[in-house]
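Shared between the two complexes below is subunit A, which pairs with subunit B and subunit C, respectively.
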Partner chain A sequence: MRKSGSRNAFLTICIAPATILFFIFMIVPTFNVFRMSLFEKGAYSPQETFVGLNNFKVLFKDINFIRSMQNMILLMVIVTLFTFVFAIVFAAILTREKIKGQNTFRIIFYIPNILSIVVISGIFSAIYKPENGMLNSIIGMFKDMSSPILWKGEKLVMLSIIIAMIWQAIGYYMVMYMASMSAVSESLYESAGLDGATKFQQFFMITIPLIWTNIRTTLTFYIISNINMAFLFVKSMTSGGPNHASEVALNYMYSQKDAGLFGYSMAVGVVIFLFSFALSAIVNKVTEREPLEF
Partner chain B sequence: MKKKLVSALLSVAMVASLLVGCGGTTAPAEEAAPATEEAAAEEAAPAEEAAPAEDVTISVAAIETAYGSDIWAQVAEAFTAETGIAVDLTTDKNLEDVIGPSMQGGEYPDVIHLATGRPAGLTEQFIKSNMITDITDVLSMTVPGEEAVVGDKIAGGFTDTSLTNPYGDGKTYLAPMFYSPCGLFYNAGLLEEKGWEVPTTWDEMWELGEAAKAEGIALFTYPTAGYFDAFLYALMYSIGGPEFFNAATTYAEGVWETEEAKTCFEILGKLASYTHEITPAQANNEDFTQNQQLVLDNKAIFMPNGTWIVGEMAEAPRAEGFKWGMTALPAVEAGGAGYSYTWFEQAWIPSGAENVDAAKQFVAFLYSDVACEIFATAGAIQPVLGIAEKLEGDNVMFYSIYDNGAKAAMGNFAAFTPIPGVEVSPVFFEPINSVVSGSLTAEEWLANVSAASDQMRANLIQ
Partner chain C sequence: MQDKTKSGGGLYKFFIYFVLCMLAITIVVPVAWVFMASIKENKEFYGNPWTLPAGFYWQNFVDAWNKAAMGEYMINSVIVTALSITLLLVIALPAAYGLARFNFRGKKFLNTAFMAGLFINVNYIVVPIFLMLRDGDNFIKKLGGEGFLLNNLLVLSLVYASTALPFTIYLLSGYFVTLPHDYEEAAYIDGAGFFTTMIKVIFPMAKPSIITVILFNFLAFWNEYIISMTLMSSAKGPKTLPVGLLNLMQAQQSAAEYGMMYAGLVLVMLPTLILYMLVQKQLTEGMTVGGLKG
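Showing the complex of A and B:
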């Protein structure tokens, strides 16, 4: 009896630091975001006025906010789609096929992940430069470029950010898929091959179903990371410009805080929080399958 | 059992150390103290004379801009030597991020040197929530170590603008600091080579635009849309004088339906059509120097900018025979006045400051001959009378712009209580990017300005 008591005490002490830290740095701030979204307050002024749900009422009529949400959703959908396809195809090729320099490719694909977003923005700014930029120079070899393509201009800026984000994300997800693909038993492919299944059939009938749990997990990752990455890329590449053409929700939240609307920006935060939470839940539910064992 | 006891002790120690880590991080003043002693030892006599409170330490936070941060350390040292008040100095390029969090926690520096018009808008937020100390009495204080009164030293006009008296009640809340005439910067060498004259009216400007277009040179570019603040202010002055400017910046009813407003946006629209096409794609914080490079490379003639541009682009490659030139905004009609906007920074005392009296002394000291000279070594020019003699190099030409016929434009858009989704820069400056790209016309922009202006008027801080 005494022994189990001291054991419990020991366990409590062990768990306490993490719990306390989690409470102070995760629960309390999150709760504060929700609380502050009901108030009107400048970021530095101590006065706060309770305004109920008024911030949200204004928010859903705010054209700038709606545009920033649209941009964010566009980035989430397109970037997720392309990253997913590229990552899984590259992973399948690198694990299933015997090609020369496999490891080199693996490293090349993974490198963008080691770089900080600011560095990537710098690289892509150089690529997208209207005059003597890499992209325009290459295109210039085939067609007349007297009026250069403005990659960071109003029309193409979202596409430019999408390309940079996909380039950055592929390696990370590719490595994750490769890890679970290499766990799939070789014998399954052998027997499928004997039965006359083509590589494509093997990919869709064996590989995909067997790494399905992994795919589900990464889908949630995509949603959360793309919200954050969109902010980082926009902040460092365009600051939301030109004239808010590349504004995303988190960047808008930031700018509203700087405009002296702390409560309002917290309301934006709440909407993003609930949105990403709901979306992850829906995606999780929709992709639910009977787990396959092998 | 013994083993368990040890591990329990260890984990307790771990928790304790974590909690200690979370605790306050207050270890101030000590660092500044040696400096005080040193200074006091050096110049013991004046310190004794003028020191009311010797153990006071004021915290000063100053933004580090193109002028560097050394000048602030030197001025702080000189101030301590003069008054015996120690200074705990913070300088940073992103000052908002450094002092912001502790201010949210209720700990304010005593003096903050941070101009309005920065993206984070910290100073604006303090103005909007009435959190700045009234420093009108500083103007009648004697400068520490001198006979002169602060108000007599500051050049005329600097303490009458909405940038220093944000509430229009005749009281000064922000002290005017480093000023710089803004205008259109160009390559004087290029104009000489081509035999082009610097335009004095907008009609001449458009003629030059056509002539330049024939040579494949654009008339205009701008670093970022944010540079349109000084440009638009000067433009409003040159179109309708101070009356129109004051009406527009206080969002007077119907001001955007007037002829002046229409002329203003016609000029902006036309200027957009003469702007180098790649400008908007580079008009962001990362690529704006590329737009400035267009002028250095003779690909565009004019850009709105301030005198800091010379230092900012000092290392950049440039066209042969390049020579900086600067002109005021052209007049609307022949014989009319050209205007150059006077951009200046501000220093202020937050109302949460603890040592207000010492802070006011520090602000007064910023206008002393000693401080002005230290600032001038880095090219930071204080708005005091007789500063012209301390100028060197290109600055002589830049700062003489007002002696050569251009009138000075000062002021900014009046403060209003924050409105969700409506801010000065997105309404008045940033749409220029869309106008140049062709997705917005100048008329549509004017209509948007008019609508936003109504909202701002309704929320004006009285």
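Showing the complex of A and C:
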């Protein structure tokens, strides 16, 4: 009996601090996102007024919010597509071919992932700078640049952000797929090679199906994390500008908070929450395949 | 036929090297460019961006360190990162151990709750966390005290640690469940209590997982800027390094002190690059366990 008493005390001491902190800093704020979205609460008025779904009614007519959702979805689709195709192809090349300096390539490709997004946006502002920027000076060698290309101007800003996001993510996913691809047995490729399968056939018939489980989980997480990554990039690179051209949903939520419209800001938060849950369920469903054993 | 595939193979190899080198260049060159820019004098920035620095202009770093207060921010970042990691380990290790290796009522519920926490991105809930702490400060002020929850490095560390709990517990319990129960039984027979067993027997075995946790969270906490910016928004209050850099980058748009800004960039990324050089193997291998982090 004493033993079980001390066991319970032990377990309480172990688990209670984590549970309490998790409750205070994650569960309560999450609950508050949903609760506050039903209230009108401002920075300068201490009291909150219940307004039901009014915030959402305004929200779905808010042209800047709609634009921010469109931009976010655009970023998620394009960035995910390019990152995954490049990462998987490069990983397959680096694991399958005997490449000299394979390790050096791996080390270099992973570097962007360890840098702060603020640092990356600093690097890219040096690249995109209209006068004396890295990119424009290279293009200037081939073409007259008397009117410099405005990479962060209204027209090109989304493209510029897409490039920066792919640059940051590609190495991380490549290194991850290299790990799972190197677990695929060499003998499969040998016998496929004897049967006359080309490298492309081997890639689609062996590599992809065998690492599908890994692709599937990472794909779901990556798509969802892009909601957040898009925010981190936009906030530090453009703050949503110029003229809301690069606004994304989380940044819009944040700017509404800065404007002091807390209830409205949380309505945006609710939409993001529901969107990300629904999306991960859909991606999970769509990518479902019979798992292959090898 | 045989010959044809061989020469095609040579061309194919060349193409692969070419593409890999191009990708490596697009990563290395901008990063190296920032290092070079950090030792250029301000007047060197008006002209071709590809000219080498005229000399080592260390004054940039002195200015960034003192004038832009990056030195002070650096110390703040060191404090916050070290404190958050310590808190995280002290809280998450026992919790993961208790949740993974003991049976008790509510275990399943807690495990599910922490798993669900994996889907809550901290930037979705940053506004309610901010409002909660602000309300706390207002309450303390009403009682006649001085608000201390916002603009506080310790509170920021606590928020960092708490929001990293779900992933860390997920990762550590994943390791703890794989251990055979013989270890504990042997220790109990030798007369060790629950705490001694946990600290002296189990934790040392989890060293590789603990190192992975430290590495990933070092990068996450050191590079984080949204939470830090929100919870420490007072102009006179403490700031962490990425937020300081962001302010510096925004101020630079009008002041045009390029050298100082790039020196600031180097100061933020240098610690992560050095750490990466030292532990790149653990980092790229550890990610197969931590691969799901968003």
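Keep in mind that, in the parts below, the second predicted complex is superposed on the first by the 273 of 294 C-alpha atoms of A that agree within 3 Å, B and C clash if a C-alpha of one lies under 4 Å from a C-alpha of the other, contacts with A are read in each partner's own complex, and residues count from 1 in each chain.
Here is the rule we use: contacts are C-beta pairs under 8 Å (C-beta built on N, C-alpha and C of every residue); 3 or more make two chains touch, one makes a residue touch a chain.
Keep in mind the model is a prediction, meaning the values are calculated, not measured.
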Fit or clash between subunit C and subunit B when superposed on subunit A: clash
In the superposition, subunit B vs subunit C on subunit A residues touched: C
Partner chain in contact with A:P112 - subunit B first, subunit C second, else both or neither: second
Contacts of A:M36 with subunit B and subunit C, given as first, second, both or neither: second
Touching partner for A:F65 - first (subunit B), second (subunit C), both, neither: first
Touching partner for A:A87 - first (subunit B), second (subunit C), both, neither: neither
Which superposed partner A:S236 touches (first subunit B, second subunit C, both, neither): both
Partner chain in contact with A:F10 - subunit B first, subunit C second, else both or neither: both
Which superposed partner A:I161 touches (first subunit B, second subunit C, both, neither): neither
Touched partner set for A:L21, first subunit B, second subunit C, both or neither: both
Partner chain(s) touched by A:F277 [first = subunit B, second = subunit C, both, neither]: second
Identified clashing stretch of subunit B versus subunit C [95-103, 185-193 or 329-337]: 95-103
Those residues of subunit A which subunit B touches in one complex and subunit C touches in the other: 6, 10, 13-14, 17, 21, 24, 121-122, 125, 129, 236
Contacting residues of subunit A [partner subunit C, same complex]: 6-8, 10-11, 13-15, 17-19, 21-22, 24-30, 32-33, 36, 90, 93-94, 97, 99, 104-112, 114-119, 121-127, 129, 132-134, 137, 167, 170-172, 175-176, 179-180, 214, 217-218, 221-222, 224-225, 227-228, 231-232, 235-236, 250, 253-254, 257, 262, 265-266, 269, 272-273, 276-277, 280
Touch list for subunit B against partner subunit A, complex: 4, 7-8, 11-12, 14-15, 18-19, 22, 100, 103-104, 106, 119-122, 124-126, 128-129, 131, 224-225, 277-278, 280-287, 290, 418, 420-421, 423, 426, 430-434, 437, 439-440
Residues of subunit A touching subunit B in the complex: 6, 9-10, 13-14, 16-17, 20-21, 24, 42-47, 55, 58-59, 62-65, 121-122, 125, 129-131, 147-148, 150-155, 157, 236-239, 241-244, 255-256, 258-261, 264
Subunit A-facing residues of subunit C, complex: 13, 16-17, 19-20, 23-24, 26-31, 33-34, 37, 45-50, 91-92, 94-95, 97-99, 102, 104, 110, 113-114, 117, 119-132, 158-159, 161-163, 165-166, 169, 193-195, 198, 219, 222-226, 242-243, 245-246, 249, 261-262, 265, 268-269, 272-273, 275-276, 280, 283-285, 287-288, 291-294
